[in-house]
Amino acid sequence: MIKNQLYQQLRSQVYDIIENEAYQTKFSKSFDKFLIVLILLNVSAVIAESVDVWYFPNKHLFDAFEQFSIVIFSGEYLLRLWAIVEKDKDKHPELPNWKRRLQWLKSPGAIIDFISIAPAFLNYFVTVDLRFLRVLRLFRLLKLTRYFAAMRILLIVLHKEKESFKAVIFILIILIVTASSGIYVVENQAQPEVFESIPKSMWWAVVTLTTVGYGDVIPVTNAGKFLGAVITILGVGLAALPAGILASGLASELEQRREILEQKFREMLLDNDDMHLIKDSYKIDKVRRELGLNKEQADEVILQLLREKEYEHRLAEIDKKNYCPHCGEHL
Amino acid sequence: MIKNQLYQQLRSQVYDIIENEAYQTKFSKSFDKFLIVLILLNVSAVIAESVDVWYFPNKHLFDAFEQFSIVIFSGEYLLRLWAIVEKDKDKHPELPNWKRRLQWLKSPGAIIDFISIAPAFLNYFVTVDLRFLRVLRLFRLLKLTRYFAAMRILLIVLHKEKESFKAVIFILIILIVTASSGIYVVENQAQPEVFESIPKSMWWAVVTLTTVGYGDVIPVTNAGKFLGAVITILGVGLAALPAGILASGLASELEQRREILEQKFREMLLDNDDMHLIKDSYKIDKVRRELGLNKEQADEVILQLLREKEYEHRLAEIDKKNYCPHCGEHL
Amino acid sequence: MIKNQLYQQLRSQVYDIIENEAYQTKFSKSFDKFLIVLILLNVSAVIAESVDVWYFPNKHLFDAFEQFSIVIFSGEYLLRLWAIVEKDKDKHPELPNWKRRLQWLKSPGAIIDFISIAPAFLNYFVTVDLRFLRVLRLFRLLKLTRYFAAMRILLIVLHKEKESFKAVIFILIILIVTASSGIYVVENQAQPEVFESIPKSMWWAVVTLTTVGYGDVIPVTNAGKFLGAVITILGVGLAALPAGILASGLASELEQRREILEQKFREMLLDNDDMHLIKDSYKIDKVRRELGLNKEQADEVILQLLREKEYEHRLAEIDKKNYCPHCGEHL
Amino acid sequence: MIKNQLYQQLRSQVYDIIENEAYQTKFSKSFDKFLIVLILLNVSAVIAESVDVWYFPNKHLFDAFEQFSIVIFSGEYLLRLWAIVEKDKDKHPELPNWKRRLQWLKSPGAIIDFISIAPAFLNYFVTVDLRFLRVLRLFRLLKLTRYFAAMRILLIVLHKEKESFKAVIFILIILIVTASSGIYVVENQAQPEVFESIPKSMWWAVVTLTTVGYGDVIPVTNAGKFLGAVITILGVGLAALPAGILASGLASELEQRREILEQKFREMLLDNDDMHLIKDSYKIDKVRRELGLNKEQADEVILQLLREKEYEHRLAEIDKKNYCPHCGEHL
């Protein structure tokens, strides 16, 4: 039984180090940093291997590094799978361990982790084009998402604004299809090679609507140039739309989080109406972190609250003076 | 008379299935999905037909599919025209059927439906260039607008911000005219072919101001390059303006709808001051849908309301404590 | 004396027609439309004259049209100068006429009007390049600003955000100077012709930073490509900044105007607390126009006000019920 | 002792002129203007020196100007270092002079000042490529930051939104690495020269994702074009994102400053409840300046306050009428 307890204690310890974000010791931070560096080195290796003069003389080094990385990432994956049962153990104690593990296996983070190591083992079963296989290792880059709060907020905004993005993609498809069909009808006779069919004309449409404009395919007839000009002007109006939606979505998301933070601070003040509480940095830090806001943003909210508080206080003082201190009647 | 009643019941049923958005059964949803797939297949067919190696071997298949589509779309059009008299029957029972039908015929949705099928019948009356006729079938793509809430919101924003867009188009025209005239005066002598006249120079102006920059027409003199640089810098400032207006318009439109939703929820709470009502998912769903908001946006509003409610409740409790429970006087 | 009175009446009439925006009769509207069409025809003429095959066969027509336009625009200018003394006559009756005229002469609108006609008379004094002179007539396009409310709002936003634009231009200059100097140092030896000096390299810097990318000047060394990539990424971040500032400035300007409109409507309601007043379309229209808002924006504000009013009303009713109707005590 | 006093007075005077922004005399303004002009002339000189036909005939002039500039900038640097001890002398009188100086030496402004003069002295110690050395003088451009309030606000926004920018850069790196790897796998066989390795393919990825599109490197295979199109569409969504974040950050920063200004004006009104105070232009000017807002923005806030005040006043008057003036009871 003591053995079992030790086992559980070890698992809990491992969970705290590799998964629990609230747990921030020197060791858990170093562990995160080591993984971040390893991921970046892996990506650099993939890029460097594509350069023949770098790869061939150091083939064994690159291969050894890949072996090492696979061992580490596989170990990390297994450790996470093993320790994840400690998650929310107090909240849902009835959930069996295999269900917790299955839940984790289906989470986006776990899937990214899996894809990061899977291609390396693929070679044992089927013969795959080596170059393609190597590039697949770039998926490891996505493992970094875990360590960036702003990245997660951006993904949430993308999710929230998905209706708007659908509309934009829908318009974009309409524009691309219309543009390529129009230019195909107009330019097909003048440049039968370049604008051979609608699918071929789509290359021009995409390159133009996104304002990239390589210049390899250009309308030459007057009608084509006129149509091209109209399409370009419409395209420009659309090109920056997704970025605009994302930017304003990001702004309103941060605004909302700041408001929730303010609300929570106000509630803290209700329980205990003195400003010392709000200066309690540990509590503030915890709330702030949950909302993914950085220190400066939290400080701004607190400053604003303090300013309001003082203003209300002064208003109350002035109000008091307007009443008779003896009978309490309004003067 | 019973026959008439059956007829009306059938018409009402058809109306619910193909037009009434509040009516959401399995069958009406399948009907919508079938039409969406058919539209997408039609667009794909138009694109595929332009590729000779795909079209000529399968000519009869493409033609049969077009025949089939026309039958379906024509049937859909006639059914809508027939059943539309059921719309708002309770609100305006005095309106005659032919007026309802005329009203519908003039609505944007009906016009799109008409243009989607009209070209197919055009062939019987006049001989038109077949390639051009085929491309006209792309209008069917616009039929999809009916099924995207976000798309409709975008159109509303476009309508609301039309004043701003007019201003932008006005500036754009000024810039294009000025840029092409300027470059014509400056570059005409160095490149008499390319900058032959102002209309010809407009191609350069559009390609530059929209930052596409194909590179087929470029100023070569120092004066031309200087003018080109100035125009480009101005153009860049303008290129993303429509997208910016659209994005911020979209953001404020959604904000406004969220506020209306909040107001409506508050009103619901007034009639019956317990939170159970607001959890009544059917009512909420109906209001939410009318405003074109998705589930997550509605949930956010409700969450915010609940949070406020609780805060007010706690404030009131604290306020109560400040009064003597016996005489009701302020302590 | 009667003659003098008639003279003043005529001048007041002319002022109302050509300058007073609050005065909107059929005739004054037609007058505006006539001028708008004339301006557009003038611009079209300038563009058409640059096409030799259009100009030379119809030289006398073009010349006659120019003569006609000059007469009209000169007449308009003189009429405005004559009638402007009627402006704000009630507010500042002490101002002498010549002062009012001088004030008008220095206003932006009058300067645009002057530049629109001045070049035509320039020919009598000095010999100017005819082509250049013709293009100067494009200034007449700016006369249209008078007729677009949204255009004026855009100019106001430009004025309000001028600090931000200064900052953007300052950064842009820093970027252009730094980019062209950097690429000059790096690429000068590989392409001594193209990157001959910093001023020559600026063409590349502008074309790249604005993302136009003609492709006529491209770095070829590895160092040049690396520097070019870094500059491009920075440039992209900056390119859309002015548009973003303008768009958000426009949004907040319209928001502010909507708030002022709301405030004014509230004040109207204070004087006479029934909703009929707010439906008084003449008063509303006047306020709305002064703020440059369109009908739909005003309607939205009114709708919002009505909704609030009703909510408050219902709140008050509920509040009443909570008090004993006999003793007035809280229940 | 009198000598010491005179010395301190002189130092205080120098501090007021060259550092203290609140101190605005004719002389201190002229001093600022002189430095701004000198900086701009320096930058122009660097640019002009790169043009051989300008530099070689006037070599001695350019060299003399550089000598002169170095003397001035070195003098300015030393004066600032000497006088900086006067800063916040009342607030922290206990801080020794060397600590104040060290603090200043580590401030961004002082570092820019140092870099502006350092390269000129570098030549005495080591032999550096002259062309590179000259270009380093462009750092003097950054000295202008000190004189632009909007520039400082932009830097603050950049600092506040740094989390979002990190996320954008992270996505950009993922996109560039993924795009270049993908195109390398797909196009390497068709164009082994151009897409030789992933690092070489990155040039294409950057040029495409930023929508510059020079056209020197273009995918030619169908798979490459398809991949290119997908990447381009994604890139366009991202290209304007930093600008959008910056623009909305700038807007909310200015909004926040306007609110603080409003709050401060309200506080001024509390102490002395008459509107004359707020018209006290000196106090307003001081507050406004500290917040980096311009006159028009402050005026707008004041106007809004006055409008609200009047509305409240009228509300109160109406409220009074609803009470019996004799018994004070509600009617």
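Miscellaneous remarks
For reference, chains read A, B, C and D in written order, and residue numbers begin at 1 within each chain.
Methods note: contacts are C-beta pairs under 8 Å (C-beta built on N, C-alpha and C of every residue); 3 or more make two chains touch, one makes a residue touch a chain.
A quick note: this is a predicted structure, and the numbers were derived from the prediction, not measured.
Least step count on the touch graph, subunit A to subunit D: 1. One rotation lays the C-alpha atoms of subunit C on subunit D, and its angle is 90 degrees to the nearest 5. In this assembly, the C-alpha centroid of subunit A lies 28 Å from the C-alpha centroid of subunit B.
Per-chain Cα centroids separate subunit B from subunit D by 40 Å. Counting partner chains per residue, subunit C has residues 211-215, 239-240, 243-244, 247-248 touching two or more of them.
By the touch criterion stated above, subunit D contacts subunit A in their complex at residues 159-160, 163-164, 166-167, 170-171, 173-174, 177-178, 181-182, 184-185, 188, 197-199, 208, 211-215, 218, 225, 229, 232-233, 235-241, 243-245, 247-249, 252, 256, 260, 263, 266-267, 270.
Interface residues of subunit D, counted against subunit C in their complex, comprise 43, 46-47, 50-52, 131-132, 135, 138, 141-142, 144, 148-151, 153-154, 172, 202-203, 206-207, 210-216, 239-240, 242-244, 246-248, 250-251, 255, 294, 296-297, 300, 307, 311, 314-315, 318.
Listed in rising order, the residues of subunit C touching subunit A in the complex are 211-215, 240, 243-244, 247.
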